[in-house]
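Two complexes follow with chain A in common, the first pairing it with chain B and the second with chain C.
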Partner chain A sequence: MTSKRYARSPQVAARRLGDEIMIMSAPDSTLFTLNEVAALIWEASDGSLALNEIVERDICPAYDVPADLALQDAELLAEELVAHGILLRCEEPVREALEPK
Partner chain B sequence: MIAGTCLAASGTTPRNKPQGVIVEIGGIPILLRSGDAKFRAMLEQRYAGFLNPSAQPASEFTVYLNPPRTKMPDEDAQVFRNDSVWHIERGDFRAEWDTEAGRGYVRQSANPYAIDTVLRITHSLVLAGKSGFLLHAASAVRDGRAFLFAGASGAGKTTIARLAPEDAKVLTDEVSYVRRQKDGYFAFGTPFAGELAKVGENMRAPIAALYLLAKGPRNRIEPVARSEAARALLSNILFFAEDPEFVEWVFQSACEFVGLVPVYRLTFSPNARVWEMIG
Partner chain C sequence: MTALMQRMGAKALQLGIPLSVQVDLTYRCNERCVHCYLDHDDHGELTTPEIKHLLDELAEAGVFFLNLSGGEILLRKDFFEILEHAHALRFCVKLKTNGVLIREPQADRIRSLGVHSVQISIYSHRPEVHDSITKIPGSLSRSVEAIRFLKARGLKVILADVLMIQNLHDYPGVRALAAELGAEFTIDPTVTPRMDGDRSILNLNVDQASLRQMFRDETLVGNVQEFCAPPGPADDDDLDGLPCGAGHTACYVSPYGDVYPCVQFPLPSGNVRRTPFLDIWRHSGQLIEVRSITARDLPSCSQCIHLVSCTRCPGLAYMEGNMRGPSIQDCEKSFARSGIPSANLLSRKPPASRLVQIQGLSAAAQMSSASFA
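Entry: the complex of A and B
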């Protein structure tokens, strides 16, 4: 199982519209639309949980899908979002996200 | 300090500022000063219906006239910010606007297009902070409600405005002025005209619907899902700056707008019967 962690880029504006999330990249005004499943991953990506933990917690129970298959898709999605600069790859867990402010 | 630059360059003093005209669009008055009486007269003619000499200006620009260029540039304006000062530049003009001081300057030739662009950009920047935006759209008021018709060049904005029945007041055939107020989104008339070459009615009304224009053999109206509506809206918003804060404001305004205002795709053939479906 992967332990990769991802965090939402601060350089984007995002808003949930129904089941989807719209994201606009500030540097180049590019628009992205995330579907229902991608939106769950995006919202949970705060740098504190590993991707496999997000998949097991949010995706598998909701969609009745095997964890390994869901994780493969989630990794592809996360890396695509990294390539577009709207998710950031984290080497270490982001502790701040776990601690209440 | 841009004010210092202006004053030094023009030889004027704060006690001897050039006269100006106050152009009020969307409830936001902007004072345009110029020492050139013919240029002021041109402004008064171009923005007739939107002049408000008694308004307290929200901002002011002093216009310095340069010799005309032989060729008008057609490139987009560059808009960027250093602290509180916005820089707006195109081949035919250069402007700075200090949002904290509430004033700026424009260096341009005596053509109306440069000052028109500066006004559009200034209003788009002001509106962004007020949950509003300028939109590539015709708009008209019917029975006290505003209807917006958005689309790129050639989509039919001027056509739909030209076909408007007598009881409809056309706010613009080119650039719609959208502003969030406490009781919803309102459209305001603008002097920013397209092919119709006619200044819009200076009035405001709550927005009842946004139509995304498409040409087709039959008139048809279809609802548009919110995410598609937001994408279409964002693609038609006049978006001059790449400043992250500005982008965030405009993006959030567009998403909020499509949550409050119904959005439809209006496919139409160019005849007046299309207006039987509006309102």
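Entry: the complex of A and C
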């Protein structure tokens, strides 16, 4: 199991719209939407929980998927969001969430 | 508009969410533009805590796009405190300003607070024309400097040009200036009545011949033949369609807390000093009425050949006396574009009632019967 941790970037605008989340990345003016599952991962990514913990806690029970398969997909998604600057990779657990100030 | 934005707009409409809200932080301004519709005196602006509370309410209501405008927003001493709060609430913030007060430190703050874009009003590339419109000598130079400061920090900047008789021939120059600065360019040929009811500034609007010429400028409209083609027939979907997002997925809050469907649609619908924003959004009788109107309910426009392609503004129609009526300025644009007069132009009569003015709710309650007459 991975212990990678991610945190929401404080530099993006975001708002839940029904079961999705809209995200605007200011640096490149790109609008993204996260689907239901991606939205759960985004909201839970505060830098303190590892991705496997988020998957086990929020994704597996809700969608009845095997943990290893769900984690594989979640890692791909998280790295894609990192590439767009929407999530940040955390080397160590973050005590205080990286929220905009 | 991108397909993604269209999908999000449709979803917000379905969920009843105000996706986009403009908040005017002040009507005070350091320019005195000849075409401005505002009363620049301060009649009791929302305080800093009131605005922060409003932003909390807007975030809770699901607002994503927050347009901070005025007046000149940087005249508020608490502007950056407000912007910091908006940033903390993860709004997608767009600023509208003349840029005169933006120097390098302000540009740094705007950049660090994740602002999506900054729209700056530029009326001409020639100082003598721009400054004569703003009535502030040196204002073009100051605004252009601000654009350079913002662009140097990687911010998206949009030059907004209001076309009127004074600057009719200068828009290619403003567009070239935008390109030189790495900014985007937008143009609007609509001058609206003053909020005190004075219609004299409508005389600044460009005439029909100039509009026609502008709509045949392929650098502006793209494919002229397509843009100016006679409109197609309306079908049931068109007749069941909504006039625009005002009151449906968007609204406007004045510096005094008054809520309207749009900045150009001064139908008083509540005040956030007295009623929580979400209650106004969901239960205001005025907003519910606005939402009930489809194209089918517009007596003359539903019969008009231009229904499908017209840019009819329900707010301008309201200011002309009837929110279900036509907006003459858009009739004239449709005519200039296609050469075909609208149903309203064919049976043109003087406006049915006096001009509706923006004012506080207590006064508005007294005049509501007259407005809907």
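By our rule, the second predicted complex is superposed on the first by the 96 of 101 C-alpha atoms of A that agree within 3 Å, B and C clash if a C-alpha of one lies under 4 Å from a C-alpha of the other, contacts with A are read in each partner's own complex, and residues count from 1 in each chain.
Methods note: a contact is a pair of C-beta atoms (placed from the backbone, for glycine too) under 8 Å apart; a residue touches a chain by one contact, two chains touch by 3 or more.
Just so it is clear, the model here is predicted, and its values are computed rather than measured.
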* Of the two partner chains, chain B (first) and chain C (second), which one does A:Leu31 touch, if any: first, second, both, or neither? -> both
* Larger contact residue set on chain A - chain B or chain C -> C
* Does chain B (first) or chain C (second) touch A:Ala83, or do both, or does neither? -> neither
* Asked: Both chain B and chain C contact which residues of chain A?
  -> 11, 13, 15, 17-18, 20, 22, 24, 26-27, 29, 31, 33
* List of chain A residues in touch with chain B within their complex -> 11, 13, 15, 17-18, 20, 22, 24, 26-29, 31, 33
* chain C residues within the chain A interface of the complex -> 2, 4-5, 7-8, 11-12, 15, 17, 19, 59, 62-64, 84, 87-93, 114-117, 154, 156
* Structure fact -> In the complex, the residues of chain B that touch chain A are 225-227, 230-231, 234, 239, 242-244, 247-248, 251-252, 255, 258-259
* Structure fact -> Residue positions on chain A within touch of chain C in the complex are 10-18, 20, 22, 24, 26-27, 29, 31, 33, 99-101
